[in-house]
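Note that subunit A is present in both complexes that follow, paired respectively with subunit B and with subunit C.
Take a look at the complex of A and B:
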């Protein structure tokens, strides 16, 4: 198949370019092939010639070399006894002109490359690919070259690096070159290579240097040793910055989800003094709403499938908010002034909801197809890889927080909510329908949790009991930040999210939880109502 | 004309008095009777009789008694001091795990085979600290002291900084969660995920033996009775009245010169010790201890038992635990899918409509009619 496509391209190129070039090229091609086929010839040197043709600026030569190298790899190149070189197939082709070969001798067998030659061919093929127009092809080729760096052709790689626009691929190639340089016996080459490695810091670069420094020949040379050690130190600094940034980043995305969960909790707690243990289940409801939207879009509008995540945002919000208001209407409003009993009632609701979803959807994780634009990520700096789904989580959390802030600060509902939070009885005297405000606020809080569920579908697993783990952390946010304070919720979810992610990689999740708890108990000693306590008059 | 209301009043007076006085005292002989009946029901009554009890049933009663003990412990702090702890599983777990350590020690002394998880740890033996737990009486003593110490430190810090109400509930729940995660880790050396099992004997008796299991069930009943009498005495003493006052208006009690946090601390530590005793009785009866006994789930459930039975009544808490767990054991074998819905439904109805629980509502009805 591959060969067919290349053949077609070659013919096309040949038609487009003039006959004169083609005539020269054909002669040149047959000379190269002859060198390859010569019995006393060095096959490896001839291969280098092919690659040189393959990386020239002539599109036609490139395509030809690609074809020949592939033919050799597939054991399809036949050096006929008549001196003609053909590529096996129906019909057989003249390897120099790529036209149907006039007289092929069926008795001649193709050249079968040895294992050593196979590796060289692989590198040769990759080297030609480095000059391809496709980014992915080049990236694959660069990885291939890096894997067998000992065999690469420095002139060609240098040329490829100069041409390369993508910094990732360029750094892979630079590292491959440098690794080859480290293997050299020449001291100047080694020093240059060490310097080059230090320019492209990454885990692999560090490993390469660490392996290098383990050699006796390196240890005995103080100048090289010093250079390596300073290079390793330089890479370490750069990597630890990267690591710090990536921890910061994952902490930020965790904080985003915490923020969405805790905002609703905080509003409800501040307003009604009610702790809702079923809050985590609204996250779960939001996530399962997203799941339903995803299924629906896949079945009925596959063209718009990637947009399901945006469709899910309002859907999940509304479904969770309605569930929240129903909970308020049927349970919570009977339990005002009995906060401890509310805790138990909402716990009962939460186990019923979990069981219900288990019965409806099964207790295993549901699988999501990530929208195309959230796949993958970006290497920002060495050791710091930003995934798009986490960026999405952070941005969405930020936008939703701003929207909530606007609702609380700018709308009438927000005004009534704040009035009721501050002084319920006075607000009622002034004609605020506190019960209605409560219900709407509860709906808002549940809806926000539902949105957290939407975000979580992209960064965590979704199952009926997904909410329970989160809700403990969100309560900690509310306790630390102060109930009802938006600013407090932001600051404390950021703090807790980051602390969690900073401690977790080194001491484990348990230590992170315990540290957070201790911190909170200590802070509460000084500020019993949380960091940003609202001034309420009760 | 005049006789009618009188008789009504007299009848209601009897109901109220019956509930609040006779039943609250009467539960003691009832529980003692149950304890006495258990060995009798197994050994003396022929199997064909309806009054005969299988070992499974007796074991179940023993476990339920442990849960009742837990409920009693929680009712002391929640019903009387107004502290809703969602972390009593921690103390239950401390008792359970320390008992398991003792049981493993005695199993090793008998069989000379180390449990799997210790072998995986590669230490070649039990940790040195475990040697303290080689005798049952010492283990019980240490557990009581250790639990009181842990509860004391936590209580001192939280009560002194005036963390109460839902804040305290949340923090205790988070602590339970953290402890459970900790116990799930294999490197902690307490069996990790699989927990600790493989017990062979307790104080020289075969643990799987019929008489040992019946003895443990009887022991659970007896400890429940003793704890109930003790707590009820305390609740009706001046300390109990002070605790109720703290529950209802802590600020005023403080202004009156009471050290409210000391009062709460006493109730808290006592409650923790009772919960630990429940754990110590529970583990040899189920034959295993694993991190699920400190799951936040169980700790909330304890509060649910108390709420259903009626908090602040002691007897209600015990009745709630017995009712809910009896129902749970019965229904989870019959209709495992439906049990969570029933538990949720019952909890909701009781909490929303009958805030005082079953016992509290009955009592209030009696008092209301009496008026």
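Take a look at the complex of A and C:
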């Protein structure tokens, strides 16, 4: 009797609590959404409610809140005039129950967050993520919270620090709290916060301290003031190292682009002496070949999509090289030793190629999906941020240079090329098929330009007239380096890149360009043969 | 003898031809010949991409006007020429359109420099140029009808928004532009404006890059540096044009800048500039125009479907689902011109100009736009758009009503 009643009561209780929790959740969800959608409601307060649900121990609530915050961030949350709240998509979802909902009225448009709201939303989703089961998600979230420390909710972060088992993540969160703790009125807290912030120098740390030192209460306290000033000085030192490295790096990456675009020309113009104004168009052909490869891989091999850039390397090289050899066969071979006519003819070819591509692809910029591994970058040291696409360009430029150098110096083709360019008649007397060598050399030069096109898809915009901008730069590099010297091309592109990027931060991009061009004029006056002259007998 | 009769026949023929040709403008109302409109948009060269959109919008609008019976009982005909993005060519072809083709009015130009080159021609011939772009202002001619906003009613409201609570209380401004008249004038005006808002010079930075610059490493690094200095939230006011827009956005994304850290207000960014970009990391950056295609009005739905049908029916290479502000402005211009001609019962410049004053209509953005009688600028609404993940703009803010255009900014010359 007793046990039976107990059992009955327990079951009843269990049923009741179970039912009430789920019912409570659904009504609560609708209430939160209604508060958010109210026309006179405070969206920020409503968002705090979502975050509260998101950091609660109920995993279901947590997932729901994350979803809602994401929907608001993506401006997909629609407050319908009927009172229903839906998440846009196919099919649209009822935001409270996450079940399929009817399509919303055409008149109801989604909520578009303002910048302030977007900041809050970003912190909100980071705060919710701090309670995620995945370590990486939590680490990302912690970094995000640290970046926007001014907006964090201390109660939630304290809770997260308590629960965090990973010491790295916990220390990032503690640092964020310290940056925020600068605002405390207690001197000991302040000093501790300053020390903690100075430990990890970064731009946000500097901003925090600099804003802090501007306050009157800090200025009147000599001890705190001294501490914060020495902390700022310390951060500045490490930041200025970072800045110097960044200038060197961007010079290097600019040099990489120059080297890539000039390498082909250093063979065509430098070794063969052909003034090829269509050089930029071979770059463009390389870029469009990459585009075709990208499209093809996207349609037929989506699994290997990210590798398209590597597939494009041989494809672009071959296509550009073939185009180059055709140009040599049909136009240039009739014009050797007639520089003016070559110049005019190649200019005409350049315009014809631009128009042809315009007809085939249209004149707009073509769209490239950057492979995942080239997106974004890495903070190497405080103040020194490296983007992957530039690293890729530098490395590829170096590899391509080494390969070209090897071909010219070590292979038979290279030997014949050098022989033909140095003393053509003698080479022919010794049985070198000069015409064939010319064609191959021209093809090699065009192919190298095509490779530059592949790399440039990740850095510059790709359109039919993209090549024209690079021709001048390429000629500049080759002439300065000394016609015919591959090493000269490397040195001059490195010099031009570094000088340009060294001037730009101080006097602007326009002044940098002017300075570089003037420098070239001066050098060419003193050394018309370029920096590295090749000794030839013509 | 034979030869003489032939000559005299030719001679008298010429005289009669001249005789009928001369009084033609006076006959306008009774004639059945089509009224000609000159369309001065480049279809080749650097501007081809953008201006050919406007050319086709103009032709579509002319078709629509004709479908409703034309103007004054006559059909309207668009005369298309191609100035090839070559500024002096705009002047030459506008002269040809007015003098040889006897066009009643001209619609055309995108860049300010092309408008400046046409200006003396329309003034000398007393014709009308309808100009569909937002620009730097500081100009007012009775021979130009300005269909889009001067900066005072488009740029300044956006700056105000960003300086307000909703926009994140921007206190410091990094101005980066391509090196030519439009960015320099805008920034000059902004500097004057900031002075009236008590923003110190140390909170401003102004940089220019050459046309077509694609390497923004240094600039973006400097922006990050600038944003890390104390003194409040920093924003970027970007007036770079053309290919520099995607290049700048790409570099900002790669160096980790998001709209939540440093918002970029791109004054010349339209949907077509976002075409080649992955806009997910760009969400939240801003632009300001009188119209964005996401605006939800019946007029806009109509306009967008008209454009879609026109593009598919004529097999054009444009994207059928993309409409930008200057296209809407071109459409408004032709419709307002048609209204004015109907009211004036004449296509003469003077009569049309008089009738144009005060003309109004509902534009696709949902505002009742109105022609200012004294300045010949169009009163239009103003909108701030925020880039979304779908390569377009969501509307973040819009003005309650149309805004008075102020051709000459009071803020220029203050800094």
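Criterion: the second predicted complex is superposed on the first by the 365 of 538 C-alpha atoms of A that agree within 3 Å, B and C clash if a C-alpha of one lies under 4 Å from a C-alpha of the other, contacts with A are read in each partner's own complex, and residues count from 1 in each chain.
Simple rule for what comes next: a contact is a pair of C-beta atoms (placed from the backbone, for glycine too) under 8 Å apart; a residue touches a chain by one contact, two chains touch by 3 or more.
It should be emphasised that the depicted structure is a prediction, and the values quoted were computed from it without experimental measurement.
Enquirer: Considering only touches as defined above, state whether A:418 meets subunit B (first), subunit C (second), both or neither.
Expert: It touches nothing on subunit B or subunit C.
Enquirer: Is subunit A touched at more residues by subunit B or by subunit C?
Expert: The larger set of subunit A residues in touch belongs to C.
Enquirer: Using the superposition on chain A described above, determine whether A:114 touches subunit B (first), subunit C (second), both, or neither.
Expert: In the superposition, A:114 contacts subunit C only.
Enquirer: Just to be sure I read the superposition right, which of the two partners does A:214 touch: subunit B = first, subunit C = second, or both, or neither?
Expert: Second partner only.
Enquirer: Of the two partner chains, subunit B (first) and subunit C (second), which one does A:159 touch, if any: first, second, both, or neither?
Expert: A:159: touches no partner chain.
Enquirer: Looking at A:254 after the superposition, I want to know if it touches subunit B, subunit C, both of them or none. Which is it: first, second, both, neither?
Expert: second
Enquirer: Check whether A:195 is in contact with subunit B, with subunit C, with both or with neither, and answer first, second, both or neither.
Expert: neither
Enquirer: When the two structures are overlaid on chain A, which partner does A:524 contact: first (subunit B), second (subunit C), both, or neither?
Expert: In the superposition, A:524 touches subunit B alone.
Enquirer: Taking the superposition as given, does A:476 touch the first partner, subunit B, the second, subunit C, both, or neither?
Expert: first
Enquirer: If we overlay the two complexes on their shared chain A, which of subunit B and subunit C does A:510 touch? Say first, second, both or neither.
Expert: Both: A:510 reaches subunit B and subunit C.
Enquirer: Same subunit A residues contacting subunit B and subunit C, which ones?
Expert: Touching subunit B in the first complex and subunit C in the second, residues 508-510, 513 of subunit A appear in both lists.
Enquirer: Across the complex, what residues on subunit A touch subunit C?
Expert: 73-75, 106-107, 109-110, 112-116, 118-119, 122, 147-148, 203-204, 206-207, 210-211, 213-214, 243, 246-247, 250, 253-254, 257, 362-370, 375-377, 385, 387-390, 459-463, 465, 469, 501, 504-505, 508-510, 513
Enquirer: Hey, which residues of subunit C end up touching subunit A in the complex?
Expert: 46, 48-49, 162, 165-168, 179, 207-210, 212-215, 217-219, 221-222, 224-225, 227-231, 243, 246-247, 251, 253-256, 258-261, 263, 272, 275-278, 283-284, 286, 294, 296, 317, 386, 388-389, 394-397
Enquirer: Can you list the subunit A residues touching subunit B in their complex?
Expert: Per the touch definition, subunit A meets subunit B at residues 269, 273, 275, 277, 331, 334-335, 338-341, 343-345, 347-349, 351-352, 354-356, 359, 468, 472, 475-476, 479, 508-510, 513-514, 517, 520-521, 524-525, 528.
Enquirer: Write out the stretch or stretches of subunit B touching subunit A in their complex.
Expert: 78, 84, 86, 157-158, 161-163, 165-167, 169-171, 173-175, 177-178, 181-182, 185, 296, 300, 303-304, 307, 337, 340-341, 343-345, 347-348, 351-353, 355
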